[in-house]
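Reading through the structure tokens given below for one structure.
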Amino acid sequence: MSLFEGKDLTCIRAERWVFQGLDFTLAAGEALVVIGPNGSGKSSLLRLMAGLIRPAAGQLTWCGQALEEAAHRSRLHYLGHLDAVKPVLTAREVLNGWASLRGASAERVPEALDRFGLTELAELPCRLLSAGQRRRLALARLLATPAELWLLDEPSVGLDKESQGRLAAVIAQHQAGGGRVALATHEALDLEDPRQLDMGALTPPAAPELVW
Amino acid sequence: MSLFEGKDLTCIRAERWVFQGLDFTLAAGEALVVIGPNGSGKSSLLRLMAGLIRPAAGQLTWCGQALEEAAHRSRLHYLGHLDAVKPVLTAREVLNGWASLRGASAERVPEALDRFGLTELAELPCRLLSAGQRRRLALARLLATPAELWLLDEPSVGLDKESQGRLAAVIAQHQAGGGRVALATHEALDLEDPRQLDMGALTPPAAPELVW
Amino acid sequence: MNAFLAVIGRDLRLALRQRSDVALVVMFFVLTGAMFPLAVGPEPNLLARIAPGVTAVAALLAVLLSLERLFLADYEDGNLELLALAALPLELVALAKVAAHWLTTGLPLVIAAPVIALLYDMPADGLAVTLLALALATPSLSLIGAVGAALTLGARRGGVLIPLLVLPLYVPILIFAVSAIDAELAGLTALPNLLLLAAILAFALPFTPIAAAAALRQALT
Amino acid sequence: MNAFLAVIGRDLRLALRQRSDVALVVMFFVLTGAMFPLAVGPEPNLLARIAPGVTAVAALLAVLLSLERLFLADYEDGNLELLALAALPLELVALAKVAAHWLTTGLPLVIAAPVIALLYDMPADGLAVTLLALALATPSLSLIGAVGAALTLGARRGGVLIPLLVLPLYVPILIFAVSAIDAELAGLTALPNLLLLAAILAFALPFTPIAAAAALRQALT
Amino acid sequence: MTMHRFANPGRFMRFADRALPWTLGAMVLCLGAGLYLGLFVAPPDYQQGESVRIMYVHVPSAWMALFVYTNIALASAASLIWRHPLADLVAKASSPIGAGFTFLALATGSLWGKPMWGTWWVWDARLTSVLVLFFLYLGHMALMNAFDDQARGRKAAAILALVGFVNVPIIKFSVDWWNTLHQPASVLRLDGPTIHSSMLWPLLLMALGFTFYYVTLLFIRVKSDLLAARARALEVAALQAGE
């Protein structure tokens, strides 16, 4: 059974050690919930998993093999702190664009909009959307095109109660379909048997071994 | 006793009705929690209260008198969805700058940093701060200079558990000192006897599209 | 390929969403061109002398101005991450964005050039070569400019840093373009200079996207 | 007053955080100046003719480039709300930001002007007037530019929209500045043109901040 | 800068400390001899007169301008391919020195131009391309310092250096490709030097001296950069210990 795995990962950002010696495994259908205080490195870890930044040490493997860039890109969805929504485009255009960026058709877009209750807002330019509506649009991306691995950085930020429910349901369905999800959060989300990774519990990075 | 009051407020943004016929009162020491689904107009209401946008109908009064711009500006703190943090400045510089913008001295800055656990990070350029650390810095503004009225738009977004506690404590202290706070949120914050204003319960605006 | 076109389409839609956008570059081009007669005075023969130079410089500056936003918007609103994770390599993404940039900047300039030629009443044959030279030069400007734009992401005052990085690299293009027009106006052949422009383009086309992509990766870490 | 200085200080610190920043505007100024000889050819007498015009145009463009970020950054990161809620009226905030902008843009240009004068070997007396003209013109450029910058908040491609709004208003400044230098070089008196420049400044100083503030309020709703 | 793993600056420091006195000595010797031969021994030019002696500064500095930029390009390639942090430091330390040499070439050139061509400056291919090189140096330096995250600035500058390298051959062969006022190469040419040895020797000595000057300065600057990096690392460590 294929496994997404990180071994002894060290992350250095702007000369500052964020974490070191971090291990994780993520099997099909699993949910990995990354928790921890602000600045403990949750977002950094997700960016590592997405291949947006390289680990200073340690390695990421997909069923044993080291990550192959193009393949990895095409198998993941990354949702960051930013919503990546263009003010001048309508919600629908944003999703269509994203779908075709992934080389997929736009057939799933209407359903994606519907799942996050955006159907009646679909034709509005996004600059008219409220913070939470924007966030929901960003989330709708997950459904606009299929992807095996979801990397979600505080997905529930700004969502109202109902939308949080929708999100939980969407994630559960994703897992049921054998998809895997790693998400960072400060709020309690009700997921199917989540495994927790507490960044706060890691041995805090020792003072970086000095230049010499 | 002085009262901050809004009567029969109507808000129209980009030709779209956000809400109408909204009333609120906010007495000294009170906390007004604005809840409601995404797009129900929480942020818009707070911007109205701050005087950043004008009501299409209805009026805002401070102990009976209609708002006097300059006076109102100087008595409020507004915290929006954006953190208004300059990537190139250090946390301390950001707060000092804000204090002097308000025509105040920087004497309270160290304490403000401390209350939100930013003292160790005070000398880092803010672009190195994580999302939650930025949010905490934005919140520290509330303490950097005194202001009677706090308008907080989803203040707890991205905060870890500990910081949420700090925030609650700070707000409680503010109320105890006779300050008033109006905040929009989706999460449950434990405040001293909050009064709720549910935007969802308002008579919904006619239609999401243009209404001429 | 599919995704490549998607990126172009996306940027075109963004640019054309406000139809004014394209018009703006053109107007800047024309305005700058129109500024010099005001600045150096009206003698016709003097104007005729500087016409090719002014045209080239104005076009170059118009492109320069439009460069900053090439990647910056996507970088600030988080779209760059998504592009970096798109189905096609970042090099091609960069190339696609450059293509869109040229279609919304360089091409309109070429089309608008006759206006300036008219302002300086340039002879018809000179105009023909001007258009040709611009058509060959502007793509290179976009390509090289993209590298500068990508390099300055996250740097403050990118708007001023970009010209400093890019202008030195623009110099040969500027010189060859002007010499081509001058040669034509002097009754000589413009061919060698046009060929040099083509050579620069052929050289920039494969390499600049690689450099730009590398810079973008840096910006994302 | 206190808060007024605070705004200036804040922007100065932002600009000077990297010392290079100010240098950049200057470099752009010099680069543009250096571009024209490449474009119009090396004849010294021709260059001497266009020297004043080029200097003025280059300065004008350098200011233009630096304008976009004047309010945009604050607008996008939410600082503009805070400035609008600061202890002093928005008009003064705008004025303070313009002052900071001039200190980090116009002033350096005045100081750098001799370099261009050297590239075109302009006589010393001409240089003196050039400096005077720039010193009078650049503040007006910043003031008027601020209005344009404020108006274009929210519009994408602001970088190109601003020139469009602002250039027409810059034209008189450009003309008077150039005529002043030309007059001096022609051995006549530059005084009348300099006075006209001063008049424009005196006129822009009180009114442009009001216009800018109004535009900023619009951007915030 | 992820010094911690990839490089061993300690080794470099020790090497630099040992090499410095020698490069310094060599520099003094070469420059001294070169200047003496150039200014007093070498004959004045039959048409240029004494002003030809500017050559002994102008030409070597012009060569160095090209040589240093080439070094930067090589170092940049090394840093991008092998991620070797020392390469980054070399590039960073080199560009101000190179800019200095370029400026010297420009200044002496235009000083020489006044008597020879009757003007300080002409916009011909060689002069212009050197001016462009000067701005490439400035751009490299500006980009290097344009980021709060030094590592980011270094990588960006490295990419720029590689892109800008195309200018070097243009400068070198501008005189051959375009007809310019400036005279073509007579020393650095495939078919061997074509100037008299009485002029060639001081020229080469000066060139050698300039090279040693460059190397010496390079060692010093890289060393100080390493020390700065170490100080920063300590500072950060202190900060993080606090967190």
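Order of writing sets the labels: A, B, C, D and E. Residues in every chain begin at 1.
Definition applied: a residue touches a chain if its C-beta (ideal position, glycine included) is under 8 Å from a C-beta of that chain, and two chains touch if they have at least 3 such contacts.
The shown structure was predicted, so the numbers you read here are calculated from the model rather than taken from an experiment.
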Least hop count linking chain D to chain E through chains in contact: 1
Chain pair that, of all pairs, has the most C-beta pairs in contact: C-D
Farthest chain relative to chain B (centres taken as mean CA coordinates): E
Homomeric contact chain A-chain B: same or different residue positions, threshold half: same
Distance from the mean Cα position of chain D to that of chain B, given in whole angstrom: 37
Rounded Å distance between chain B and chain C, as computed from the means of their C-alpha atoms: 45
Distance from chain E to chain C - Cα centre to Cα centre, in angstrom: 32
Sequence positions of chain E contacting 2 or more other chains: 128, 135, 138, 142, 146, 148-149, 152, 239, 243
Multi-partner residues of chain B (each touching 2 or more other chains): 13, 81, 88, 121, 128
Contacts with 2+ other chains: residues of chain C: 14, 18, 156-157, 161, 164, 167-168, 171, 175, 221
Residue ranges of chain A in contact with chain C within the complex: 13, 50-54, 70, 73-74, 76, 78, 80-86, 88-89, 93, 97-98, 100-103
Residue numbers on chain C that touch chain A, as the complex places them: 2-3, 6-7, 9-10, 13-14, 17-18, 77-79, 81-89, 220-221
Residues of chain E touching chain C in the complex: 80, 128-129, 132, 135-136, 138-139, 142-143, 146-147, 152, 155-156, 159-160, 162-164, 166-167, 170
Touching residues on chain B, where the partner in the complex is chain A: 13-14, 16, 36-39, 43, 81, 121, 128-133, 135-136, 154, 157-164, 186-187, 208
Chain E-facing residues of chain C, complex: 144, 147, 151-152, 154-157, 161, 164-165, 167-169, 171-172, 175, 203, 207-208, 211, 214-215, 218-219, 221
